[in-house]
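The structure's right below; bear with me while I get my questions together.
Order of writing sets the labels: A, B, C and D. Residues in every chain begin at 1.
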Amino acid sequence: MPKHKIGIVGATGYTGSELVRLLIDHPDVSIEIITSESKAGQSFASINPHFKGRVDMKLEPLKNLEDHDLDLVFLALPHGVSMDFVREWNPDDFRVIDLSGDFRLGSAEEYTQWYKKEHVAPELINEAVFGLPELFRDRIRNAQLVANPGCYPTSAILALAPLIKDGIIEPGQIMIDSKSGVSGAGAKAKQQTHFPEVFGNFSAYGLLNHRHTPEIQYNLEQYSTKPTEVLFTPHLIPIDRGILTTTYSTPAREIDKNYLGEWYYSFYEKEYFIRVVDHPPNLKHVRGSNYCDIHVTYDERTNKVVTVSTIDNLVKGAAGQAVQNMNLMFGFIERTGLEISPLSP
Amino acid sequence: MPKHKIGIVGATGYTGSELVRLLIDHPDVSIEIITSESKAGQSFASINPHFKGRVDMKLEPLKNLEDHDLDLVFLALPHGVSMDFVREWNPDDFRVIDLSGDFRLGSAEEYTQWYKKEHVAPELINEAVFGLPELFRDRIRNAQLVANPGCYPTSAILALAPLIKDGIIEPGQIMIDSKSGVSGAGAKAKQQTHFPEVFGNFSAYGLLNHRHTPEIQYNLEQYSTKPTEVLFTPHLIPIDRGILTTTYSTPAREIDKNYLGEWYYSFYEKEYFIRVVDHPPNLKHVRGSNYCDIHVTYDERTNKVVTVSTIDNLVKGAAGQAVQNMNLMFGFIERTGLEISPLSP
Amino acid sequence: MPKHKIGIVGATGYTGSELVRLLIDHPDVSIEIITSESKAGQSFASINPHFKGRVDMKLEPLKNLEDHDLDLVFLALPHGVSMDFVREWNPDDFRVIDLSGDFRLGSAEEYTQWYKKEHVAPELINEAVFGLPELFRDRIRNAQLVANPGCYPTSAILALAPLIKDGIIEPGQIMIDSKSGVSGAGAKAKQQTHFPEVFGNFSAYGLLNHRHTPEIQYNLEQYSTKPTEVLFTPHLIPIDRGILTTTYSTPAREIDKNYLGEWYYSFYEKEYFIRVVDHPPNLKHVRGSNYCDIHVTYDERTNKVVTVSTIDNLVKGAAGQAVQNMNLMFGFIERTGLEISPLSP
Amino acid sequence: MPKHKIGIVGATGYTGSELVRLLIDHPDVSIEIITSESKAGQSFASINPHFKGRVDMKLEPLKNLEDHDLDLVFLALPHGVSMDFVREWNPDDFRVIDLSGDFRLGSAEEYTQWYKKEHVAPELINEAVFGLPELFRDRIRNAQLVANPGCYPTSAILALAPLIKDGIIEPGQIMIDSKSGVSGAGAKAKQQTHFPEVFGNFSAYGLLNHRHTPEIQYNLEQYSTKPTEVLFTPHLIPIDRGILTTTYSTPAREIDKNYLGEWYYSFYEKEYFIRVVDHPPNLKHVRGSNYCDIHVTYDERTNKVVTVSTIDNLVKGAAGQAVQNMNLMFGFIERTGLEISPLSP
C-alpha cells in the first residue's frame, strides 16, 4: 500500500515537533512537508536539534502546501491562526486535524465569550468533530475536519465520561482540579516560565476563566445529552510534561465503591490507550506515551466520587491523540505508530 | 531578661533541624539540649552538615532532659512516640509543644479510627490546645501542652476559617485539594521518595483516608461550632518544600466576589503572617518563611467559592508555627525570630 | 526467520526494565523469561507499573532459565553477583551480555584493587569482550561473553577515542569531569538519593577512587596500545537520566581547531549513534535514545583539547548499548530496535 | 549610632532583590532608595511579590539618588551600564560597590578583548578594588570603588588561593570546571532558560571564551604575583541557585594529601564564611547563605590536586559578598547581617 501523504503546518512549537516524533516512526504515512513561516528555509533539525540524524527536512513556507498531493494536514498553529487557515481550506484537497482550540466549542458565540475574539469560520464549527476517539470514534472516521481536544479536556473528559454516561453523577456540580507540566504553556519563552521562577514553585492560574472550561463542559454534554457544569482550576507543576487531573462529583443515585471500579473497567475494557488502575496513578508512568491512566473511588463518608487521571500532555493530550484520530480517518488500526512504552524513570 | 531555656526532643528529622534553624537566631531563648536516641553522642552538625560553623552542640539521650532547668520542650517525634513522652511528662517541669499528630484530634476514639492505634494519654487530649495562633491565640497563651498543627491542616484551615466563621459557606460540602513538597514525607529514605521515582512525576496519595482529614474537620468545627465535613486529597509535588491548597465550597447565602475579598482582608488585617493576595499565590514566594498567602474568589457561574493558599510546610506548617506558639506562651512579641524573608528565586 | 530467544536475569532494577522497554519493540527477538529471585511469581508490570498493558509476563526464579532454549541472556545484576552466574555458565547453552562491572577490567588483580573483592571467574576476564561497538565491533560479533560498558566509561571513551587513536593527545594527562542523573545510582532507595536531599542540590562523589576510572583507562589503552592515565571525577545532577562528560587533555603535537572538528566528523562518519555536533550538546537531546552527542574544541591560549559528550545513561550507557551488542552478535543490522527519537522537551 | 544610608541602583534583577533581602535585616544600615528606570513609580513588592509585607518602598528613577545623603551605593546593573554610572560619579558623594563585571579586570584592553566593547572609564579600573574580602581585606576597607567579584570567580579563586599563595601548584595549568544554577543567567526570560528546555537538561556553554576566565586569572595573579593561566568551562545545572566548582591542577613540588588538608584548614582558620570540609560539599548546604564550602584532595596516582567548592551564587557570589564588603568599608564587624543558616532541605 502506498503511504498516505501528510503535511504539518507550524512545526516549530512543542506540538509540531512531537507530531514529527510520532509520524516518522509511523509505518503507513510519510511526512511530505513541514511548514513554518518564520523559519522557512532552515532545517527542521536545526530548530529541534534532538532530531539530528533522524529528520532531514527543510521547513517550507505555507504556500508550498499546494505543491504536494496531501491526504491530510495537521495544524499545529496557535489559537486564532488555525481558523484563518481553515476558512481558506478546500475540503476536496485534504482532510484536516486542527490541534488548536478554534473548533472545539459549540458555537461562535461561545468561542467569542471565552477566547475574546470573533470566529472567522463559524459555519465550520458544527462540521468539526471533536477528536476524542474513545467517545466519538464513529464520527471521527468520516470527518473532514477534526478538532483535536485540548490537553486538560482530554484528561478530564476521559475521567468523567463513565460517570456522565450512565447518569451516575449530578452533571451540574463537577469540580476539576488539574495540574500540568510547563510544556503545556508552549515553546516560546515567557517571564512566567523563566526557569528560576518555576523551579521549586507551584501555582494555580486561570481561575474561573480558563478556556478549557467550556471545552470540557460542551463535549461532556455532547456525550451525555444533559446540561453539564464544571468548575475547572489548572495548576502549574514544575516539570516538563504531563497532566494529572483530580475530579470531585456527587452521585445522582446510590452507588458503592466496588460498582464504580467495575463500571470503569468494563467501560474502557476495549480501549487500548485507557488503563483503569487500582491505585492513584503516577504521572511518570505515562510519560512519552499515548496512555491515559484513570483511577476512580467513592467516599461514603462525604458521598463524593473522586477520579484521578494522568496523560502526557504532548502525546495523548495533543500529538498522540492527533495521530490516533488520523489512524481512524484513514482506516488504519487505531494504535498504529502509537505503541510506545512510557519512559520511566 | 535572662533567656528562656528550650529543649528539642528528636532533632534529626526535618522538623527538628528547622526548629534549630529558627531558634538559634531567636533573641530571647537558648537551646539547652537537643536529643536523639539513635544518634546520641554525635554532633548535631555532623547529622545536618549545613549547620557546620553555626551550631556546636552534641546530640544527647532523652534522659539528659532532666539535667536542664527547661522552660519549654519541643517534641519533634513521630506520631505515636510523642504521646509516650507526654504520658510520662510532669507539667510542673516545663511546657510542651508537640509537633506530632498525637494531640490534634477531638477524642481518643477518633485518634484510634484514623491513626490505627490506641491513644496512651487520652485524658490529655482535651488539655492540649490546637496551636493555630490566628484562630486560637488566647487559649495558646496559657496552654501547658500545645498540639502544633499539621502542615496540610494549617494551609487548609487558614484558608477556610473566614468562610466558616461567618457562616458564609455550607460546612458540610468542602473539597480540599492539596499539593505538598516531598519534605512533608520526612527525612527518612523510602522507595516512594527515591529521587528518580519522584523527579518529573506527580501523584495523588492517601485518598479518602489521610489523617489530616479529621484534624482539619475537628478544628474547623471548634472554630465555627457547626458540624463540618471535608473531603481531603493530598498530592506530591516534585520539589523539596511547600504546600499549596485549593479548596472548593458552596455559599450558604448570597455573596459576591468583592465582598469575599474584603472580608478576607479585614479578617486577617492584623495578622502579620497572613498575606491576603489579589492573585493566586506562588509557592516559592513563601519559601523559608512563616507566611501563609491566601487568595479567595467566587465563581458566579457555578456558585462556588475557591481559595488557594500557600505555606512552607516546614515553617508555617511545622517549626515556624511552633516558634510562633512559643512566643505566645512566653508573652513575647508574636513574630520574634520569625521575620524572615522568603527565599526567591 | 524465527525470532531469537532472549532471557533477562534480574529485571527489577532500572537497567532491567530499560532492557524490557527496548526488547519488546525489537522485531527479531522475543523475551522468553525475566527472572528475579526476590520478586519471583509477581508480574513484571506490578513491579514496573508503566508497563501495564504492554508486558504481560511473570517474574521467574533463576533456575527456570534452563526450561528455555535461549540464544542469549542479559545479566542485569549487581557487581559481584554477575560473576557468580558467569562462573557456573556453560557457553554452549547461550551467549551472555553482562551489564555489571565484573568483566570490564584487565585482570583479576585490578578488579580486586578497585572493587575490593576477589574475582571468582578470573579465567573468563580475558574471554570477555568490552562491548563498545564503535571501537570493538569485530570482536563483539563473535564474543560469547560481552562485558557491557559502564555509563560513565561509554561517555568518556567515545569522546576521547579519536584523540587517543591518532596519538593526538598525551595519554597520561587526561582529566574527566562527569555529571550523571540519579538513575545511575540504581533503583533502590538510599539516604543519599532521598528526594529532598537531591532536589536543588549538586555534588561530587567518589573522588579519586571511582570504579569507572580503571575501566576507562584500561579500555582506552586497549584501543590505543599506549599507557593511559585518567583522573575521573563524577558528580550527581538532580535529574533522573543522562550523563554529560567534559574532558580536558593536552595535545601531543601541533593541532588546530578546524582539524580536530574534521577529524571527529570523519572518525565517526559511519556511526549511526554518534552525532558529532558543532555546539556543546544538550543532555536532553539524547534522552531516551541510544545517541551519543560529542563536541570537541581546542583552546589555543592554554593549549588544551576540550570535549563535551552526552548520553542517556540507561540507554547508550546500559540497555541500549547492550541491545546494540546483541544485534552485532546475532548478525542483525546494528541499529535494529534502537532507532528511537530522543524525548524532548 | 545612626544608621548608614544606602542606595541600590537597579533593583529589579535577582542581585538587586537579594541585596534587599539582606539589607532590610542589617542592623546598621537603612535602604534610602531603590532605583529602576523601567519600573520607576511601581512598588518594589509588586515586582518582587515575596517581599509583600516586608518592604514598603517605591522604585525611583536614578536621578533621585541626589536627593538622599547616601554613604554607599550598590550598583546592580548590567555589564556596560555600570561603567556609565561610575564615569559620572563623584567619589565625594558616596562610595560604590559595583556588582557588574566592569571593574574586575586588569586593564581597558583586557576588558575590550573579553567584553567586546570599549571601556568608558579606563582611568578608574586601577582605582577599583576587587572585593574578595578573604584575599584583599585591607584594600577593601579603604576603597571608594569596589568591584564585587563574579559568582564563578568567587568559587574558583577561593578554592585555588591556598594553592597559588604558597606556590604549591603550577600556576599555568589550571583547569576549572564549574556548574551553576540558572539564576546566574539573570532574571530576564530567554529562550535558553525557558523552563521546559532546562528541566531535565544539563549543558556546557561559553567554552573557551567566558568572561569570567580573565577575571579568575587576573585576580589570582594579583594574589600570587606569578603569571597564571586557567581554562574555565561553565555548565548549567537545572536548579535555581548555587555554584559548584571543581578544579584540577598539578603540584609544583612534592606534597601529600594530609598536608594539603591541613594547609587549607590553617589558611582559612579565621574566615567565618569559609568552611573547609572533609568530604566533597553539597551545594544545598550553602543555599541562601554566605558560606563557601571547600574540599581539597590530592591524587598520588595521577599527581593532581582536586578541589571542590560551593557557594550560593546570589549570596557569596553576589549580594552577600557585597554586603560583606560594605561591612568592611564601614568598619562594621564583617559578618554583620550575614549570619544566615543555609536553607536545607
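Following the convention adopted for this analysis, a contact is a pair of C-beta atoms (placed from the backbone, for glycine too) under 8 Å apart; a residue touches a chain by one contact, two chains touch by 3 or more.
Protein identities per chain, from UniProt: A, B, C, D = N-acetyl-gamma-glutamyl-phosphate reductase.
Bear in mind the structure is a predicted one, so any value in this text is a computation, not a measurement.
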Statement: Rounded to the nearest 5 degrees, the rotation mapping the CA atoms of chain A onto those of chain C is 180
- prompt: Counting only C-alpha atoms to place each centre, which chain is farthest from chain A?
  reply: D
Message: Averaging over Cα atoms per chain, report the distance between chain A and chain C in Å.
response: 37
Task: Indicate the whole-number Å distance between the mean C-alpha point of chain C and the mean C-alpha point of chain D.
output: 39
Task: Could you give the separation in Å between the centres of chain B and chain C, each centre being the mean of its C-alpha atoms?
output: 46
- request: Any chance you could list the residues of chain C touching two or more other chains?
  value: 14, 183, 187, 196-197, 199-200, 238-241, 282, 284, 287, 345
Chain D to chain C touching residues, read off their complex: 173, 175, 177, 179, 196-197, 199-205, 207-208, 229-231, 233, 235, 237-242, 244, 246, 248, 280-284, 287, 297, 299, 301-302, 304, 306, 308, 345
Message: Taking the touch rule as given, give the residues of chain A at its contact with chain C in the complex, in rising order.
response: 14, 17, 21, 24-25, 48-54, 183, 187, 199-200, 240-241, 272, 275, 277, 282, 284-289, 291, 339, 341-345
Message: For a test of understanding, state which residues of chain C touch chain B in their complex under the given definition.
response: 14, 181-183, 187-191, 193-200, 238-241
